[in-house]
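Structure, as structure tokens:
Letters A, B, C, D, E and F mark the chains as written, and numbering starts fresh at 1 in each.
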Amino acid sequence: MKNYYQKPRRILTMPYVTVKMLEGRTEDQKRNLVEKVTEAVVETTGASKEKVVVFIEEMPTNHYAVAGKRLSDQE
Amino acid sequence: MKNYYQKPRRILTMPYVTVKMLEGRTEDQKRNLVEKVTEAVVETTGASKEKVVVFIEEMPTNHYAVAGKRLSDQE
Amino acid sequence: MKNYYQKPRRILTMPYVTVKMLEGRTEDQKRNLVEKVTEAVVETTGASKEKVVVFIEEMPTNHYAVAGKRLSDQE
Amino acid sequence: MKNYYQKPRRILTMPYVTVKMLEGRTEDQKRNLVEKVTEAVVETTGASKEKVVVFIEEMPTNHYAVAGKRLSDQE
Amino acid sequence: MKNYYQKPRRILTMPYVTVKMLEGRTEDQKRNLVEKVTEAVVETTGASKEKVVVFIEEMPTNHYAVAGKRLSDQE
Amino acid sequence: MKNYYQKPRRILTMPYVTVKMLEGRTEDQKRNLVEKVTEAVVETTGASKEKVVVFIEEMPTNHYAVAGKRLSDQE
């Protein structure tokens, strides 16, 4: 299996990170989240910072269920 | 908008992180990746460590394209 | 290929189900949906109920197209 | 919010279900899984059976982590 | 590897296309987008037009980051 | 709603396209697919070609079901 992250073409090696979580975090938390997650990815995969993309996806509590019950139905 | 991460039900607040990247990282890199990304999420969102889930999704170079060209066609 | 669902570590074997559908279902329908889908997954995969996670993702009709035409453009 | 599942255009109302789980289920389990999940969706959303699509996505244990540790590193 | 797109069962060979992009495109752009993308998929994969599904997913600028910075924090 | 695709920061407006389809297309088909889809996105959204990313995700027939039946069980 070729190892691309160290090759000169590393510039094209873009890790894409999606963080799916409940609604409710503040803008400061989201700002820090993408910053720290990007640092973690760069530090451990060798990808360059400019090539790391982070998407945040928020869930309302009526669209998230564990053990057959939605969070909104547990309140 | 209710703020859930500080509420007692925080235990159910599971951020789900998907890291999509090119094939080629070593098992050590992947081990460190999930550890560091989890730390970053806990530190910035207030979620408890046990509730953070990380998925890794690897892409072969013939299934990833930028500017209309696959990485495999640029080698 | 190892068979994990029967092993003692089954507790960590969390099937994640995402249901992507058009906007418009009632809260009762969504409540029943996550319950019945969870039952179906437990019954057929051997996963424990507490470990089954269901996400609902709703689509507006202007973001869903079949045969090149959006549902919103067919009304 | 318009309620589409009861309208004549219901035929176009295709719920898409993705089940993401660890590798290791048998073909019989997967066969039963898609059947039972489809039934659950039809029963609770009113969608017609022909319009329900199910995708199965399997994860190897080295690409799935909870609490910062991959399942493959817990064996 | 079996080649399905040419087989009689091609009717069931439904490519599913998800376009994830920033909020801000007009309805005309989205209408043209799904039409042209569907044409491109039909032309190059041999799938029949009725079987091509396109989902649009829009991102707000505070949920999209490159190089550790959200677009909303760059304005 | 701000309209970003025309603003100078358009360079950061990267549409991400995921094409999920059955295994079986040839490398030529995949090469043409990403090229034509990229053209379609550029033409209709105003994004610059260098910023369009395309992911291909292939499904085996035993992981894809319509109307409760997997394609592999219909052969």
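In this text, a residue touches a chain if its C-beta (ideal position, glycine included) is under 8 Å from a C-beta of that chain, and two chains touch if they have at least 3 such contacts.
All values derive from a computational prediction rather than experimental measurement.
Under the contact definition stated at the top, the chains bordering both chain B and chain C are A, D.
More than half of the contact pairs at D-F come back, by residue number, in B-D, the repeat among E-F, B-D or C-D. If each chain is reduced to the centroid of its CA atoms, chain A and chain F end up 20 Å from each other. Taking each chain's centre as the mean of its C-alpha atoms, chain A lies 5 Å from chain B.
Chain A and chain D have Cα centroids separated by 22 Å. For chain D, the set of residues that touch two or more other chains comprises 14, 16, 20, 35, 39, 53, 66. Residue ranges on chain F touching chain D, taken from their complex, read 20, 59, 62-70, 72-73.
Those residues of chain B lying in contact with chain A across their complex are 1-5, 9, 12-26, 29, 32-33, 35-37, 39-41, 43-47, 61, 66, 71, 74-75. The residues of chain A lying in touch with chain E in their complex are 27, 30-31, 34-35, 38-39, 49-58.
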